[in-house]
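In the part that follows, the structures are each spelled out as structure tokens.
What follows is a pair of complexes built around chain A, which joins chain B in one and chain C in the other.
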Partner chain A sequence: MALASSSYPVAGAQTHGEVDRLYAETRDLRLNGFLLFMVSDLVLFSSFIFAYLYLRNSGQGWPPPGINRLDVAFAAFNSVVLFGSGTTMHFALENWKHGHFMKYANWLIATIVLGVTFLGGQGYEYYTLMARLHHTWSGSGIFGASFFTLTGMHGLHVFAGVCFLTVLLMQSVMGKYTPQKYFGLTAGTLYWHFVDVIWVLLFSIFYLI
Partner chain B sequence: MSVAVHGEVHGGGVADHIHPEPQTFVRKYIFSIDHKIIGIQYIITSFVFMGLGGLLAELIRVQLMHHSGALVNPDTYNELYSIHGSTMVWLVIIPLLTGGFGNFVFPLQIGARDVAFPWLNMVSFWIFPPAGLMLYSSFLMGAPVAGWTEYPPMSLQGAAGTSMWAAAIFLIGVSSTMTGINFLVTLLKMRAPGMTFTRMPLFCWAQFATAPLLMIATTALGAALAALFIERQFGVPFFDPTKGGSPVLWQHMFWFYSHPAVYIMILPAFGMISEILPTFARKPIFGYKMIAFSSVAIALLGFMVWAHHMFTSGLAPWLQLPFMILTFFIAIPTGIKIFSWLTTLWGGKIQFSTAMLFAVGFIATFTFGGITGVFLAAVPFDLHAHGTYFIVAHLHYVLVGGSLMAILGGVHFWYPKMSGRMMNETLGKWTFWLFFIGFNGTFIPMHWLGLLGMPRRVATYDPQFQTWNIVATAFSFVMTAALLLFFINALYSLRNGRKAGPNPWNARTLEWQIPSPPPYYNFKHVPAVFAAPYDFAEPLPYRGLEGELDPSVPAPVPAGH
Partner chain C sequence: MDIVRLERVVAVVGAIVVAAAALVALKNDWKTPGLENQVFKVMLGLLALGAVLALFAAIGVLGNFGGKA
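Now for the complex of A and B:
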């Protein structure tokens, strides 16, 4: 009787199609886990964003005395670099799905190069800011506590992402993925977009308000 | 008969992904990826830490036997209660309820072969014992002295061990976050065919409400701990007011986690009670849906009330009011649960096994602790009781009389399933009564000590409080004796207990329909589920379990290895 009341499929036959369907569901499970990981990562960022907004509004004026305004133009340029890398990553994944391996590799390499460029830009920005702040993190007060901690955390995420994408590139060269089975690439793309979204948040709260 | 009975039934995701049988001792008992072994590893590790935390508690009680301090100097005393609190919260109650009983019980109850990410589960566990040792190693470099809440500025001035504390708790937070993700995906994706949400056992509902708290709240705590660590090690100000930081910021960041953490420490306990009560009352649980949904309601409300810990921290009065009212609201779903449990007992054929005694004891003490909690939620009362022994009494009623009581009931209930043997009931009943009397004798006097104004977290006190402190200490020894008896029983029964058989309590959830202890693959065939498990008048609502207890039916073969 009423297994119909169940919303679950019944898998029996070990046919090829069956195995593929099982695989699709396996991938789905990992996707769920990965999405939840990003949710908790977002909570980590939000906590520090809350801390920043709390300190910023604690009545000492912002930026605090002795700290110059941030260089918005340079950061905007650097943001364009990062957002561009989101677009190239999108093209990389689409080309993979359609089996255009060379195009995929080119777009992915472009993404990695843009990611590294962004990190370089951030390093330059830190260098100029630090020079004004006598080269210490602690010497920069609550400005440093919020700005360097948050953008530093984001920078670490970009760095991890660059490593992640490089590993994916190597794995796909070695034939780990096919145009049908490519969970790693989906995860990499999602992660890279996630890092982009975080940057939109950070850019607005540090440079625009 | 449907195909589902003997065909492989697929429960979504990788529910019928069968691991190969572990061949070596190390793979089977140490670096195991089996949720049942990992659950037991968590339980044993947590009870070891409970021994340490309990030892610290007794040192505290001995110190307070004399008003001028009987044992240690005030600085050492600060270390004792700071590590005692941290141990009991992060190394005992939370891991027992989630990593321990959560891991062992709920995958069996939903008819799964393991959690969604078994390997991640192993990593979560193996972060835990080293982090606990890190916490204790802080004694070597000067342990934290600002209590388990580590408020700045005191935590900024504490010895080097405070940074070690922050790092240890951060690691435990990472481990909990991974557990939360794992449990949530498992519950969402790996339920047996036919097990809709409203057919899930209530313990699973409790874990389902707890998993997002683990995932979100522990991460928020991680941020607070990271900030404290950064400030202490690198001098970057978040909390130090002399450098522009704000001590109140810590309180916000800490309590945004730690109030939900209170529900991490109680919701799974509610779930255990909801399994034990109907089994020994031989009656369907009253208000299944209300109990299930109230867990979720509590979890959601739990994120909106954190500032009720900060009524004396200079919170604006217009902000105090909503936090007070929202906190009152939490009493409603909690009250619904208590009402449902009492109605379940009403007219039942109650069998007072040790597990049932603990469950009934839980209802009594937890209700009492809940009521003092409602007192404290009222701003005017809190202003009087804040920072006194009334708080100590309240939180121990909820965490010891509540969570720990449920855990002890849970051990007596599921021990046969975990070990294959029964615990000794006579020793068990002695354990319960000694624990119940010892517990109430220790903590009831603290209510009046608090109302009379005895401050918490002090190594010496005014002589007028002497008598009740001696009473509390005396009864604390009774409680310790009960716990020693419990450990003796658990160890003794491992060898000498009566063989349990698959279902000694005649319980109806899925874990009781397979052998004790369950084989590594859990189910030979993933069963199909037709109803919630609590209707004692009906036959079991499962199909496909016929071969589980039959040794002639072979173990399932791992596919794709």
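Now for the complex of A and C:
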């Protein structure tokens, strides 16, 4: 790896040439670090998902007696909103690579709006479950604990992603990235896709099987 | 049109659009090299799979469509 032979003089970079060289040298390292972060996050979700599946298969039927299955119609709608945001984010990155700033900004804003819409949908679902049907964290037993923990943890990731994308939008407006140097946008896209893929799993285990 | 039917229609149309968009993006990126692009390809494929699952859920093939919690 290039870094192994470099002196890594980040603070000493003075000229644009040096900055470009450092960017090229450290980009792979940052990418690997970000991918490792996503793997660690995947491990976190996996532990909760396997705990949920274990509990689900060790009881007297699922959902437990007294608790009806979740409504799939709204969940399918909300899932499509989140999956749609994954494609808009991908289009945003592609437009940035090709130097189409306005298209990039529009797709990124669409992604943020869809992310917020998903969070609103999740809030509405929680409200329905808690206020109208009295399924609370503690009141619905292990089913509710699993559901609210996993979907809540995912919701926090979506919220963090919305903040991440908003910062990226502001940074790109301020000229931090160029069509040649845009690692932050790549990381944001990777993170948003990750959040989408986790929801594919959660949607499947809570609503479909 | 009741709210469940509306959710179902929007989910079906949206899932088809999202799955098609993800597959087109996957096709366009298919030959791009680099680690990040390989990850993007996997994630776009899973995104398309998710959209198909949502489509099946919305048309009532999978899950407990229309059931109340």
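Just so it is clear, the second predicted complex is superposed on the first by the 183 of 209 C-alpha atoms of A that agree within 3 Å, B and C clash if a C-alpha of one lies under 4 Å from a C-alpha of the other, contacts with A are read in each partner's own complex, and residues count from 1 in each chain.
Here, a contact is a pair of C-beta atoms (placed from the backbone, for glycine too) under 8 Å apart; a residue touches a chain by one contact, two chains touch by 3 or more.
What you see is a predicted model, and the numbers here were worked out from it, not measured in a lab.
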item	value
First (chain B), second (chain C), both or neither touched by A:Ala76	second
Partner chain in contact with A:His90 - chain B first, chain C second, else both or neither	second
On chain A, positions contacted by chain B and by chain C	28, 32
Contact footprint of chain A on chain C as seen in their complex	4, 7-8, 10-11, 14-15, 17-18, 21-22, 25, 35-36, 39-40, 43-44, 46-47, 49-51, 53-54, 57-58, 62-69
Sites on chain A touched by chain B in the complex	1-3, 5-12, 14, 22, 25-26, 28-29, 32-33, 36-37, 39-41, 43-44, 46-48, 50-51, 54-55, 58, 60, 64, 137-138, 140-142, 144-145, 148-149
For the chain B and chain A complex, residues of the former touching the latter	2-4, 7-14, 16-17, 116-117, 120, 177, 180-182, 184-185, 188-190, 193-194, 196, 215-216, 219-220, 222-224, 227, 230-231, 234-238, 243-246, 249, 252-253, 256, 528-530, 559
Complex contacts: residues of chain A adjacent to chain C	28, 31-32, 35, 67-77, 79-81, 83-84, 86-87, 90-91, 94, 128-129, 133, 135, 186, 189-190, 193-194, 196-197, 199-200, 203-204, 207-208
